[in-house]
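Next up: the structures, one after another.
Look for chain A in each of the two complexes below; its partner is chain B in the first and chain C in the second.
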Partner chain A sequence: VSVMSDVLSEASEGSGDDSQELMTPAELIEKLEEAWLNEKFSPELLENKSEIVECVMEQLTHMEENLQRVKKGDLKASIHRMEIDRIRYVLSSYLRSRLQKIEKYFPHVLKKEKSRADGDPSYLSPEEFAFAKEYMANTETYLKNVALRHMPPNLQTVDFAKCVPEPSLDSFVFLRVKVQQENILVEPETDDQSEYAVDLEVGSQHLMRYRTIAPLVSNGAVQLI
Partner chain B sequence: MDPSEVEFLAEKEMVTIIPNFSLDKVYLIGGDLGPFNPGLPVDVPVWLAINLKQRQKCRIVPPDWMDVEKLEEIREQERKVGMFTPMPSPYYMELTKLLLNHASDNIPKADEIRTLVKDTWDTRIAKLRLSADSFVSQQEAHAKLDNLTLMEINTIRQLFLESLNHMYKLRTNMQPGKDSAKSQDF
Partner chain C sequence: MFGEKAIELVRELDRIGDGQLPAFNEDGIRQVLEEMKALYEQNQSDVNEAKSEGASELIPTIKFRHCCLLRNQRCIAAYLYDRLLRVRALRWEYGSVLPTSVRFHMSAEELEWFNQYKKSLATYMRSLGGEEGLDITQDMKPPKSLYIEVRCVKDHGEFEIDDGTIILLKKNSQHFLPRWKCEHLIRQGVLEHVLS
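Right, the complex of A and B next:
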């Protein structure tokens, strides 16, 4: 087991490549959990966090490889396995909630991805992009086979962008502030109210429309809760 | 969010245990734990504490606030003021439930603690319902929710947010000219 701890502590230092090099594995897991909650609670699909996902996968694989060399029933190994299971749960829940949104909003997700400028970060990972395209093609084929081809000729096409609802950015969300923000404009709900500004202090929690704070979610200044 | 997921987050909180075994430091991905020595207190996440407890490998030391006197004070304070008072832990409800369910033999006056925490919770949830009600009837656009815990938010999340969305839809659809043609599911 002592050999294992050496390998494991090595693992903790070794795997941060490229842009993630300053992050410890513990920080990496924290980032994953933040991304998980943000994705769970935001009405729209957020930017993909492939780097985090890949790094976490790497950590898990590495740890699992090390564990294979340890005999069953070992206390230390069982603690490691429990941690792996927990991290894996968060990771799959995160990816699953993204897939659900892709299925729900596929035409809009694809449109956004295709219209993004070259330098902009991509919303979908390559795998998600492939999934979305395939999902759209399959839905189209399905609708054609069961219904559209039996319709009069002028009704045989379907415009997905029109008939699939868009994510509702006006939904309310709960959030906690991580970086102080001043003068966030809150739009009035009714005509007889007027617009006003709020300051978001670090650690404070708020309920407001997603649209108002969407940029703060993507730059990490607020955490959805 | 499923309540079990909030509990999952609560299980990351640290708690002190007194192990009855020895083990070197454990280098977890999320940070180092231990070393473990029989009789010497050590901090571990709740998920591990409960697992070790189930395997009869440790005794759990209840957190400072899990104490009848302190909780009575918290309950009185919560009843006295209209605002939400700060809780001793952002996961007070989940931790109480987890620790009392799995380690009640390590916690003095477990039943009284359960009742006190439940009373405090009930008071807070009643306040939360009132605030939600006035938020809706005043048609507010922003609310500050300091000191509310995730589990509390979670109890109203679905119904409350859905209702706000529906009311918003009804209101905007009544105003002519605002994208009234969409919102058709297939």
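Right, the complex of A and C next:
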């Protein structure tokens, strides 16, 4: 991390951007890594983190620009190059895992986004929303043209929400606690067990059903690992 | 047996395994559609008969045929959708231009879907961040080293690397290149990563 923050602070010197004053580059990368791991391990699509993505993209551009000025064959240059590659990998991987979930669960993702109340945080970024709509329309058109329109009149539609699997919220996830939690209700696993409450200590690690701690993931109290 | 041909379509994909795209079974689809047409027509006439003559003993048969129809529809949709997922994976594996050997197994409509998917993905990637966007089909693996040893599998011609140096990618020649510049060429099969 020390090398990373070194490179990043150098990169941000030139920018002097006001929107990022509250966050140092090292903190920004930490935020990106948190979002990345959460998205990678959570079964459902999480809220979009467009601000982080934009800031990181900006940083990458600055770093690339700074690199152009370093003279050829400088050892520092190749270390910085490596850092850029690593950050870009994390960013791409983060966006990829989101896109994969959007494609895999498109009817559910779109339904959730459309039924969202005004003012609630949106799950999809505007770009992702546009992508999901196109993906759905494309797939619908395809099925219609190839098969559905040749079927009997009462069978010419398919309910995607019923056919495409939903994310399994009951799957288990590993997590690390960042903010102390008390009285988290855990559903019984067997019939002879009853519901019980656990306290989650800061720094402790657990294996739990995603559904139980989903709100804690979205408010940042726990980190999926 | 009704539904037999439809389930055979699904089995065909299951048998061939993940990621493989067999030839589009147009004939199979047509046969199922024909079966559905026949079932539907029989049902129509039975429904009319049941209505006009009050032949309630026909109702179980009508229900049975309707279930067969639903099952056939479900199987066709599953077959087509599962193929689309495989077609989608091709975009990530080969890039936006597919080798002829792969395209050969796709139907015209699948190719159309693929092109539309390609376009949506490109629009999405362009919209990321600044003016240039971000190609997220790159950087598929965490970077381990900056430069890698690659061997040319086929002639590719001249190739410019970041600092402006131009190298000639000739068949069987070996180069030490920046990883981020050759990822695409490796996936296209022009270069081969040499592991020491």
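Here is the rule we go by: the second predicted complex is superposed on the first by the 205 of 225 C-alpha atoms of A that agree within 3 Å, B and C clash if a C-alpha of one lies under 4 Å from a C-alpha of the other, contacts with A are read in each partner's own complex, and residues count from 1 in each chain.
The rule we apply is simple: a contact is a pair of C-beta atoms (placed from the backbone, for glycine too) under 8 Å apart; a residue touches a chain by one contact, two chains touch by 3 or more.
Small disclaimer: the values here were computed from a predicted structure and weren't measured.
Visitor: Can A:63 be said to touch chain B (first), chain C (second), both, or neither?
Guide: In the superposed model, A:63 contacts chain B only, not chain C.
Visitor: Please work out whether A:131 is in contact with chain B alone, chain C alone, both, or neither, and reply first, second, both or neither.
Guide: Touch partner of A:131: chain C, not chain B.
Visitor: Between chain B and chain C, point out the one touching more chain A residues.
Guide: In the superposed model, B touches more residues of chain A.
Visitor: Could you say whether A:179 touches chain B, chain C, both of them, or neither, answering first, second, both or neither?
Guide: After superposition on chain A, A:179 lies in contact with neither partner.
Visitor: Contacts for A:40 in the overlay, against chain B (first) and chain C (second): which applies, first, second, both or neither?
Guide: first
Visitor: Using the superposition on chain A described above, determine whether A:189 touches chain B (first), chain C (second), both, or neither.
Guide: So A:189 only meets chain B here.
Visitor: Is A:82 contacted by the first partner chain B, the second partner chain C, both or neither?
Guide: In the superposition, A:82 touches chain B and chain C alike.
Visitor: Tell me which partner A:206 touches in the superposition: chain B (first), chain C (second), both or neither.
Guide: Once the two structures are laid over each other on A, A:206 reaches chain B alone.
Visitor: Can A:169 be said to touch chain B (first), chain C (second), both, or neither?
Guide: Once the two structures are laid over each other on A, A:169 reaches no partner at all.
Visitor: Counting contacts the way the document defines them, which residues of chain A are shared by the two interfaces, the one with chain B and the one with chain C?
Guide: 60, 82, 86, 89, 93, 163-164
Visitor: Which residues of chain C touch chain A in their complex?
Guide: Against chain A, chain C makes touches at 29, 33, 36-37, 40, 69-70, 73-74, 76-78, 80-81, 84, 88, 107, 109-110, 112-113, 116-117, 120-121, 123-124, 127-130, 134-136, 138-139, 141-143, 146, 163, 179-180.
Visitor: Taking the complex as given, what residues does chain A use to touch chain C?
Guide: The contact residues of chain A facing chain C are 53-54, 57-58, 60-61, 72, 78, 81-82, 85-86, 88-89, 91-93, 95-96, 99, 103, 127-128, 130-131, 134-135, 138-139, 142-143, 145-147, 150-152, 155, 158, 163-164.
Visitor: Once bound in the complex, which stretches of chain B touch chain A?
Guide: 1, 5, 8-9, 21, 23-31, 33, 47-48, 51, 57, 135, 139-148, 150, 153, 157, 161, 164-165, 168, 171, 182-186
Visitor: Considering the complex alone, what residue numbers of chain A touch chain B?
Guide: Within the complex, chain A contacts chain B at residues 1-2, 5, 8-9, 12, 25-26, 28-29, 33, 40-41, 59-60, 63, 75-76, 79-80, 82-84, 86-87, 89, 93, 162-166, 168, 170-174, 186-190, 193, 198, 204-209, 225.
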